[in-house]
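The letters A, B, C, D and E name the chains in turn, as written, and every chain counts its residues from 1.
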Amino acid sequence: MVCSLEGKLLVGNLERSARKAAAWLVEKRPVRDIRDWGISFSLWPVHFTTACCGAEFAASAAPKYDAERLGFLPFIGIRQCNLLFIEGTLSKKMAEAAIWVYEQMPEPKFVVGMGACAIDGGIFWNSYNIVRPMDILPVHVFIPGCPPRPEAVAQAIIMLQRKIRRGELVRYETR
Amino acid sequence: MRLDDLRKEIEEKLNGLGAEVSSKDPNLIEVRVGRDKLVEAASKLREMGLDHVKAVTGIDYPKERFEVVYITSSYSDSLSHFLVNLRVSLPYDDPRIPSLVRVWPSVLYQEQEEKDLLGIEFEGNPRMEERLLLPDSYDGIPPLRKEFKVRVEGIDA
Amino acid sequence: MSLSRTVRHAKAILTGFKYLFAGPRLTLMYPDDIQELPEGYRGMIEYDWDSCIKCSLCAMVCPADAMKMYVSKEESEREGKVVKRPGINYTRCIFCGFCVDICPTDSLRFTKVHDVAYYTYEEQIYPPAEFSKGVPRPLYLREPRKVRAVLDERRGIRYEPARS
Amino acid sequence: MISSGERELELLIGPQHPASGHMRLVAKVDGDVVVELRPNIGYVHRSVEKLAEVKKYLQIIPLVERPSLADTTANNLAYVMALEKLLGIEPPERAKYLRTLLAEINRIHSHLYGLGIHGVMIGSSTAYMWCFGDREPFLELAQELTGARLTYSYIIPGGVRRDLPAGLGERAERVLRYMENRMRDYFNLYFNNPVVRARLEGVGVLSRHDAINLGITGPNLRASGVAYDVRRAEPYAAYPELEFDIVTEEAGDSFARVMVRVREIVESMRIIRQVIRKIPEGPILHESYEKLIPPKLRESMKQRGMVKFPSVFANLRVPPGEAISRVEGGRGEVVFHIVSDGKLSPYRMRMVTPSFRNVILFEHLTRGVRVADIPAIYGSLDYFPPEADR
Amino acid sequence: MDILKLLFEPYIFIPLVFPGLVAAFLLLLIIIWLERKIAAKVQLRYGPLYVFKPLGGVIQTIADLLRYLFQEPIVPREADKLAFLMTPVFLFGLAYLPVVAVPISPTYYAFRSDVSLLIVMALTTLAPIFTVLMGWSSNNKFSLIGGVREGYLVISYEIPMFLSAISMAILYKSLDLVEIAEAQKGLWGVILNPLAAINMLLLMYMSTSKFPFEIPEAESEIVAGPYTEYSGIIYGLVMGASYVKLYVLSLVYSILFLGGWNPLPINDPMVAGAMLFVKAFLLVALGAFLRAVYPRFRIDQAISIGWKIAFPLSLISVVISLLLIMGGVSLVVK
């Protein structure tokens, strides 16, 4: 019985073995490709507006640019999303929230820094109340501009998709 | 109403409060009062129909004084063209001022902001203990003071 | 439920149906079509090496400190004095176009490139040498069709293939 | 985490919440009724006022635009007007009309932005999409005029940066007619939708007395029956020569605030038509600056209709003094108070934005409403947190 | 071969294949995509497209499903683990279970009961309990409020919905869904008792929280209501449950009001099933379309609609049915 051995089979820790097996399966070629394809066309950003670039982010979901064509659907909760858009400046107060949001999101998750402020502060680079997102979060794609045009947002999504499909971003590991 | 008429009216109304009234074209009137007469002067202006405050500006003159300017005006048709600045000087080492939140409820957040960013104490404002714009954990020189320096870069890389 | 309210419900639903079956679409099919922007659009900036008189006005006026004067080593050695040329940092640039408008020799020019994103931080900094090589081109999967936005009385925005 | 034994539940709405925007609302609720709601702002505080003290006068133009991205012209114009008061210059007539044109285009798309956000807050994604979609033709016009989608930085001391492109008037007319056609469908599908009416009518009523007392500004003030508009009270740009009405509503509820915005869009379209009809010929930059530009450049600038800056703009020096300017933006009155000491940067720049003045409404209007009314009221205020936090 | 034959036995085929699990799953994939497409069309845009451009991105839901499948399922530390993980399974199960009592042709059904209408209605009533439980077990304030809202809504829509269904049973003098459908060879229920039809439609969307009654998971108020804490494939399950419930109710609605499989060109179970499915599909699609038209009601407004409008209407529709019966309208074909 498993229970009597306190979760240990003769070969070792059951949970870890199962996880290893699952990771092995998920990292196998056809499964991995299908998985990466699915993830790349289902990038759902979380509703988290950090600053004013949210206006252009909203425009990129709106009829003229319609990012939903790319499988990009701004969605409600943190738990159901896999993409964090840093929409502009990250103030110190907001940075705490951003880290918190990022940690609460389920793996695999991606971060896009939108706008000059989300790269190096933009016009606010010397403000006393901002944080550079790349210092606190792993940012996968940067979009320059202040605010970037919705086309650039779409371009960033496409670039992120490409990177995911190349298998560079999603990896399941056994812990 | 003409600017001079309004100025005269204010001068009459504030008579005895030691207020200096001056005017500047085309529509600005400056009223300078002492800290102790501020609430009284404000109430008088309010009675005249200046019903809201557009902005509360705190200005820092290091080692010298603080100035607080209440830019007031009215939503009534006859007065809305004019701006009346109510200006107070405070000693630098004692930046306290009676709050005008009872006279003009619209200053609630503006006074709180000046306290938050400039460190001027508005006595009687219920929000003096809370931070408004800065993070709650902020502990340092109020950032709008001149002694608070921000980074600057030259034009060279 | 009063009658007028019922009528309003019906109107709302019918309007919905009208757009479901006959509504226009405003969408620009971005990666396939790319909008040709109007003359004078403030996109990424291109730099003409030869006509630059190194006056550094662009760096002085830059609101975000994105335009910086870099010491040009070769030229400094050749001319025996410090020669500085502008380089741009797109991590800060806010595309206000002040540098272009103040440039007395038109060495800085607007381009209409506006849809670039980067994978890394470092590649967004363009010292003078790279700056003068022209603006980056976004990676398109296939060559996009250039379209022009036509403002339309009935459909809002239409897109027509650009003539050029 | 929920602890037991409390009657009131404290809800933290935001900053990550579909309807919080960039702020936190701390709501105490008793059942479904809000006992107290306090806005916790400052999440987008970027210290515009402090940075203005280390940036040069011209560099502040983009800086003051950033806080209210959907309504940049108002801030741009208000700042430049204060600057012009200090410099003692008056822009040429044509520049004034161009400023008005951009301000009105901006007002329309700013209102559409607000209406769209409000739509999604009460659950109508179609209202959001329609408003944001119909914003695009106006952005297209603004882009043609200024060269940017949102951050125009179009208005500079003594004038504007670009001349009116050929044929813009005709294109604007087409956009206006499109918008007028669409307005009917907006009413059918959204504004007259019984569900919308049920959600907005009688919700968050702001009385005339309170509106004045709390110093509310913009459409929120006019929805409570106060006919105050800076364009009338202290006319600027080309407004003295244009005909328009101040839109007011009496009810003061969320629906009245929405209706004021809708009717102001119509009013703005009327102004745009007048501007295009009446715009005079002439220079677009004040002559004292124009003559500083090298003659060769001046010629090409006139041909292309794009202003080149005189080199003095890089280090613009402003005489000492104080200036206050106010402008009616889409969300309300923007006030700038600049104190200059004659150096390259302002000594103190105070920027009071409409959203900052309206933030007080959150606690005032939400007492005793239901949880579901919070977004309905929030949206109707057209409150933009970065603008309030600066 | 025997296995294949066994598969087509009604008691296997109906719950597992059609209109049961497989059909429900396919409908889910299509309807979620269609909902996005319909909304997009009304909203002047395209909706999902680039995932498979030749067919308008029809496999978008599969991509989303894959993503959910490979996403980390998070169980919050404060949650009641067992309840948190089990409720979605029960919810989905109970949402789809009533399908067993739904006949797809006069001769093809999993089982025939005299009271199959009652069975279906009773089983659909159970699912909301798990939504409430879900809200409680997540131990999140928004979830809790969502759960409570669901609880309030349940009591305001269940009774009128039941009454509306019963009024049709009175009209057909039967609680057997096969008989009810057969009774509509001529006039459909929607013509005989339009009041009940409208009422039931309204309540059907209310019970599955479609717009304008998307109240328990009101996005802009309480994030995702009871589902706030759910992630990964469990959320997929939860999200699917309300569509499945709507699908099952639509099947019942088609039988009660839209003539079931009538008019039937050839007497073949497959054709009859297809007929029924198309009707149900259109009803689900109508629910998806309403998203593009309506914002959502407030909870108190929805409850008062339930009690002040739907409840009296359902009583009136019972009276209408009784009057029709007394007036001698005989519909029962026996």
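As a convention for this text, contacts are C-beta pairs under 8 Å (C-beta built on N, C-alpha and C of every residue); 3 or more make two chains touch, one makes a residue touch a chain.
Small disclaimer: the values here were computed from a predicted structure and weren't measured.
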Can you list every chain in contact with both chain A and chain E? C, D
Treat touching chains as neighbours: how many steps, at the fewest, connect chain C to chain E? 1
Going by C-alpha centroids, which chain is farthest from chain B? Tell me that one. E
Between chain pairs B-C and A-D, which one is joined by a greater number of C-beta pairs in contact? A-D
Chain nearest the overall Cα centroid: D
Most widely separated chain from chain D, with each centre as the mean of CA atoms: E
Between the Cα centroids of chain A and chain B the separation in whole angstrom comes to 46
Inter-centroid spacing, chain D versus chain B (mean Cα positions, whole Å): 24
Determine the centre-to-centre distance between chain B and chain E, using the mean Cα coordinates as centres, and give it in whole Å. 62
What are the residues of chain D that contact at least two other chains? 17-18, 42, 45, 47, 50-51, 54, 62-63, 126, 129-130, 133, 136, 151, 189, 193, 389
Enumerate the residues of chain B that touch no fewer than two other chains. 133-135, 143, 148, 150, 152-153
Per-residue overlap in chain E, given as positions that touch at least 2 other chains: 42-46, 50, 219, 223, 292-294
Using the contact rule from the top, write out all pairs of chains that touch. A-B, A-C, A-D, A-E, B-C, B-D, C-D, C-E, D-E
Okay, in this complex, where on chain A does chain E touch? 26, 34-35, 37-39, 41-42, 44, 62-64, 66, 68-71, 73, 76-77, 79-80, 82, 104, 106-108, 170, 172
Can you list the chain D residues touching chain C in their complex? 55-56, 58-63, 126, 133-134, 136-137, 140-141, 143-144, 147-148, 151, 153, 161-162, 165, 171, 174-175, 177-178, 181-182, 185, 188-190, 192-194, 197, 294, 297, 300, 304, 306-309, 311, 313-315
Which residues of chain C touch chain B in the complex? 56, 59-60, 62, 65, 67-71, 84, 87, 127
Would you pull the chain D residues touching chain A in the complex into a rising list? 15-18, 21-22, 42-47, 50-51, 54, 62-63, 66-70, 113, 116-117, 128-130, 132-133, 135-136, 149-151, 386, 389
What residues on chain B touch chain A, complex-wise? 133-135, 138, 143, 148, 150-153
